[in-house]
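Both complexes shown next keep chain A, but they swap its partner, so chain B is in the first and chain C is in the second.
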Partner chain A sequence: MTGRTRGRLVSRALRVIVVTALLLWVLLPFYFLLLVALTSKADSLATPPRWIPAMDFGSFEKIFDSLFSSAPASSPSDLIIPGIQNSAVVAFFVALLNIVIGSMGGYAFARFRFPGSRVVPGLLLGTQLVPVFALVVPFYVILRSVNLTDSNAGIVIAHLSFTVPFSVWMMRSFFKGIPIEVDRAAMIDGCTRWQVFYRVVLPLARPGLISVGLFSFMVSWNDFLFALVLNSRTDAMLIQPAISGLYNVREQSFGIMAAGTLLAALPTMLLALISQRFLVRGLTSGVGKV
Partner chain B sequence: MTAAVRSPRAARGAARRGDARFGMGMAAPALLVTVALLAYPLVYSFWVSLHDQTLGSRGRAEWVGLDNYRSVLTDPIFMPSLGRTVLFAAAVIAGTLLLGTVFALALNQEFRGRSVVRGVLILPWSLSQITLALTFGWIFNSTFGPLNGALKQAGVIDDYVAWFASGQVALTVMAVAFVWSLVPFATLLILGALQTVPEDLHKAARIDGAGPVRRFFFVTLPWIRDTVLVVAVLALINAFLAFALIYVLTGGGPGTETTLLSWWGYTTAFRDLDLGRGAAIFYLMTLAMVVLAALTALCIRGRSRKGRHE
Partner chain C sequence: MTVSGIELKQVSKRFGESLIVDSIDLTIEDGSFTVLLGPSGCGKTTTLNMISGLEEPSGGKILFDGEEVQDLAPHKRDVAMVFQSYALYPNRTVEDNIAFALKLRKTPAAEIRERVDEAAEMLGITPLLRRRPRQLSGGQQQRVALARAIVRRPNVFLLDEPLSNLDAKLRADMRISLRELQKKLKGTFVYVTHDQGEAMSMADQVVVMNGGLVQQDARPLDLYRRPANRFVAGFVGTPSMNFITGGLGGDGSFTRDGLSIPVGWSRPARENVTLGVRPEDVTLTPAAEGAPGRVRMVERLGVEAIVVAAFPFGDVVARTGPDVDLDGDAPVTMEIGKGKAHLFDSGDGAAIALGDAMTGGRNG
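And then the complex of A and B:
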């Protein structure tokens, strides 16, 4: 009996240690960023470094300055706010198109039988294994030949290539979770096939739509390779290339580098926190059934 | 037997045809995107890799057959970067699986605040590779970074470590960053699998006298093995794409000491502007990915056919 209680104590202590380690592991890097982002330039160069933030918002102010001046960008920090704006537009369209195309395709593969309806879903999931690298050279050559490398429209198109197949797969598993009797009842009530989809089933699949939208928004927002290669205009630069330039001028201000990093990460962090139930369910729905 | 008097069977057949047509219509946009934006570029990429296409030769590409592949495979950079990529991927996979499993085991128990911990877990996963690079670039900054500062204050080191001065250490730092960003997702997936392990199995093993360690290896691990494999493939894919981290932190250097295949492909295509060779490198990587993933899928399917899961 004492052996048993001792075992329980040991396992409890072990759990406390592991959970503490986990929290430190996850949160410390964020703390280090916040620490230097909220430290004045002079203090950020102190050795040993400060361990408590000085609550100096100078770095953030510097970044937001570009909002109020019409002068062309003169340093990498001026590109952050425009980058956030440009990325928001691109990611919004990518998410919207994924919701539309993904829900239609997902519904088709969940409900109807037509040539290819059995084989294609597996292939769609398989496309996730294609490294995006294999696509960047052809996209570059093609978009350049139609003069789309100076706008972000080409990037929206490129982002669709690796988000849509997964969105279709995710939506398919959400629709499969809705009983087919719902469709049948609506048909008997006189709905056309489109009305069944649009008025009846789609509202029931809202969690799926949210997952697909969020997931594709985050993928688009976080993409660096296409954003770097497919757009040559500085004033249309997206957020990831914009903050990547901060590293080259880090010696001038670690604070701005950290503040820019946090600002660039904030939207996806918030989305992930708010919606984590949807995200995890949606993503595992895809992965669990390889 | 006019068309107006349709038998129920004929009516059902017509409905089914209508269903099929509607289904195809609904699937059309998705298929169009997949074919036009994914399949076609993949094929086109192969076409580019068979040509001598540089940025100067705008539009005009000269057929060179497999020359690009030959020159890539015999390039003195190839073997070392392949070796580094394999080692890097192995380190990322091992770290991710190990920490992910340990954290998942801890989270699989009931305790106060568990949902908060699970909530926080998703944060690193939501970051881009660039933010990841900047974060770890700061932590491991050799002069002002917090890690050197903390280690020195704790008396672990006497002099600051120049983390990015040697290729091996720099690659290790990047692997740590990757593991950091992948562990949360791995934890959530493995946790999901752990929650399906039947309690009876553990009870039976306990009655047979198996301790916690043996129960893990002989009961839990076999049960979650498929999920572990999936996590390994996800980690592998990510490790293969380590390009952005290298772009920010080392630029492949010092020398070519941190040049992984992805970085080599990028510089070949977009710095040396040799699109044909770049496409060849990326194509070889794609092939390797597909083969590895197919092997994993076969592995999973082979086992589930043997009857445990189905």
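And then the complex of A and C:
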């Protein structure tokens, strides 16, 4: 064996070790969640831990029970499914509105010159420096005065306030990457300004739209603070506060906590997996050399 | 009076503080091939964009067949345009790129197919219809951009440096194809370029622009033979015209540094004139030691040779036959062909007298 091939082997082995360590780092907590979620209450705290899941679906059953009973929520585990439903509606509209407002605002900043068209994009990014904590109380006061606390609409508005600036800024960068001649060619071909936007430019910015939608969906889904403060009534509760509720009850059930946490993580994980394919395809089939 | 074609009346364009196009007047005849020629930043592309409607004039009127269009959006003007970067829609196939304008006009599908096929046929891109722009070479993209323009059968075609991204061989071929296409379509072509060779070879009418002003609007040969000013004289022709500043004596000769070149121009004597003479109108003759000129370089190009000689008033470039009998450092005298010298005002550059108004002369 020459020194060179040995060196190559060593570097490959190192790479495998590093990647494996990273994978464990990321996946082990999830595996633990899965283990605990699928273990009966008695076994869940056993030492040493059982590494093979017991396939006890009791915790999941308890969580899904609330789907089939019309009785009002009696325990925190009954809030998981409604929480997921509420969060799904909120995150969906937050993502949708981010795509709509982000693309239209981004296009305007990328293509038109008007007072503030140069300064405002910087300010948009600057808003991301404001800690969201600072906004919680003002939002509570404002939304309560218009009766929008404990409502999905109110929380959508709150989430938009700190996602839209970034989305506009991000879409602006995307549109700037599309040569302006494409817009001009479309206008010459017979498009109105509006047709240029939605028939020509928007399809080219699809990777950007997906990124913006994904980003804002995740921010909204994962928000805890606004969800906790603005929507405290049980029927309006979102998923993150609902999960945290599981950790606060007297009769602690690690199985239900773990199952609920997994359910809460599932949508964003699936979304990331699905859209990753679109993102990559979108990027490669994108503008390229025009 | 209604003029068939395009008219620009006192058209200006201002971007912030800077005046890009300075109240120009221009008439482009229906069915002509007109080239807007000038260095970068001269306002030619801005002028084209104002004709297309992509830019709004800051002042003045634009008329198509006598009707004012300066306030109309591009899609209401029925012009087609080919861009320097081609600007194809990267996510659409070649076929969809060409058909897009027709689809926007809700043309029946059968007719769209027929017209796309016809346009593709005309430009020889039928085998490429299913491909996407990034799978095409520059020349092919160029043809797709042209097909996209002609498929609509507009009356006016605007071309913004369409050949500048192609290699030299392809560019030469495309000049011919473009001219043939224009004859076949009988459309009005307005073509922007900074390449005077393209302008001279294709145009019916050349509009030379500089500093936002029209310097001269003439047929190619008139431009070459009778330049309106020093800028046009220097911009058109390669190698460019020789310029020598000096004075005009009362005896009809041009003087500079004690040298006298008879130009046959008998008008009152004046200072501050510039003599212009094209390289092919200069003859450099070998002379005895002590002659005013000295050869600096001889470029033998095969079909011709370019000789650069240093004179007390500056370098002079001469174009001669390929078998020139001159070598570096050889002493030479200069001769200007009869009726070939041009005189320009050294101040504003305006032509005072053009070649055919003068007789030739000899120096040394």
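We adopt the following convention: the second predicted complex is superposed on the first by the 258 of 290 C-alpha atoms of A that agree within 3 Å, B and C clash if a C-alpha of one lies under 4 Å from a C-alpha of the other, contacts with A are read in each partner's own complex, and residues count from 1 in each chain.
In the analysis below, contacts are C-beta pairs under 8 Å (C-beta built on N, C-alpha and C of every residue); 3 or more make two chains touch, one makes a residue touch a chain.
All values derive from a computational prediction rather than experimental measurement.
By the touch criterion defined above, A:132 lies against chain B but remains apart from chain C after alignment on the C-alpha atoms of chain A. In the superposed model, A:181 lies in contact with chain C only, and not with chain B. Of the two partner chains, chain B is the only one touched by A:15; chain C is not. Touched residues of chain A, counted separately for chain B and chain C, are more numerous for B. Contact with neither chain B nor chain C is seen for A:86 once the two complexes are overlaid on the shared chain.
In the superposed model, A:39 lies in contact with neither chain B nor chain C. Looking at the shared chain after the overlay, A:216 reaches neither chain B nor chain C. Of the two partner chains, chain C is the only one touched by A:190; chain B is not. By the touch criterion defined above, A:204 reaches chain C but does not reach chain B. On chain A, the surface touched by chain B in one complex and the surface touched by chain C in the other have residues 193, 287-288, 290 in common. The residues of chain B lying in touch with chain A in their complex are 16, 18-27, 29-31, 33-34, 37-38, 40-42, 44-45, 48, 53, 59, 99, 102-103, 105-107, 109, 111, 117, 119-131, 133-139, 141, 143-146, 149-150, 152-153, 180, 183-185, 187-189, 192, 212, 227, 230, 233-234, 237, 240-241, 243-244, 247-249, 262, 265-266, 269-270, 275, 278-279, 282-283, 285-286, 289-290, 293, 297, 300. Chain C contributes residues 52-54, 73-75, 79-81, 83-91, 100-101, 104-105, 133-134, 148, 152 to its touches with chain A in the complex. Against chain B, the residues of chain A that register as touching in their complex are 11, 14-15, 18-19, 22-23, 25-27, 29-30, 32-33, 35-36, 44-49, 100-102, 104-105, 107-109, 111-115, 117, 120, 124, 126-142, 145, 157-158, 160-162, 164-165, 168, 193-194, 197, 218, 221-225, 228-229, 240, 243-244, 246-247, 250, 254, 257-258, 260-261, 264-265, 268-269, 271-273, 276, 279-280, 283-284, 287-288, 290. Residue ranges of chain A in contact with chain C, taken from their complex: 179, 181-182, 184-193, 195, 200, 203-204, 285-290.
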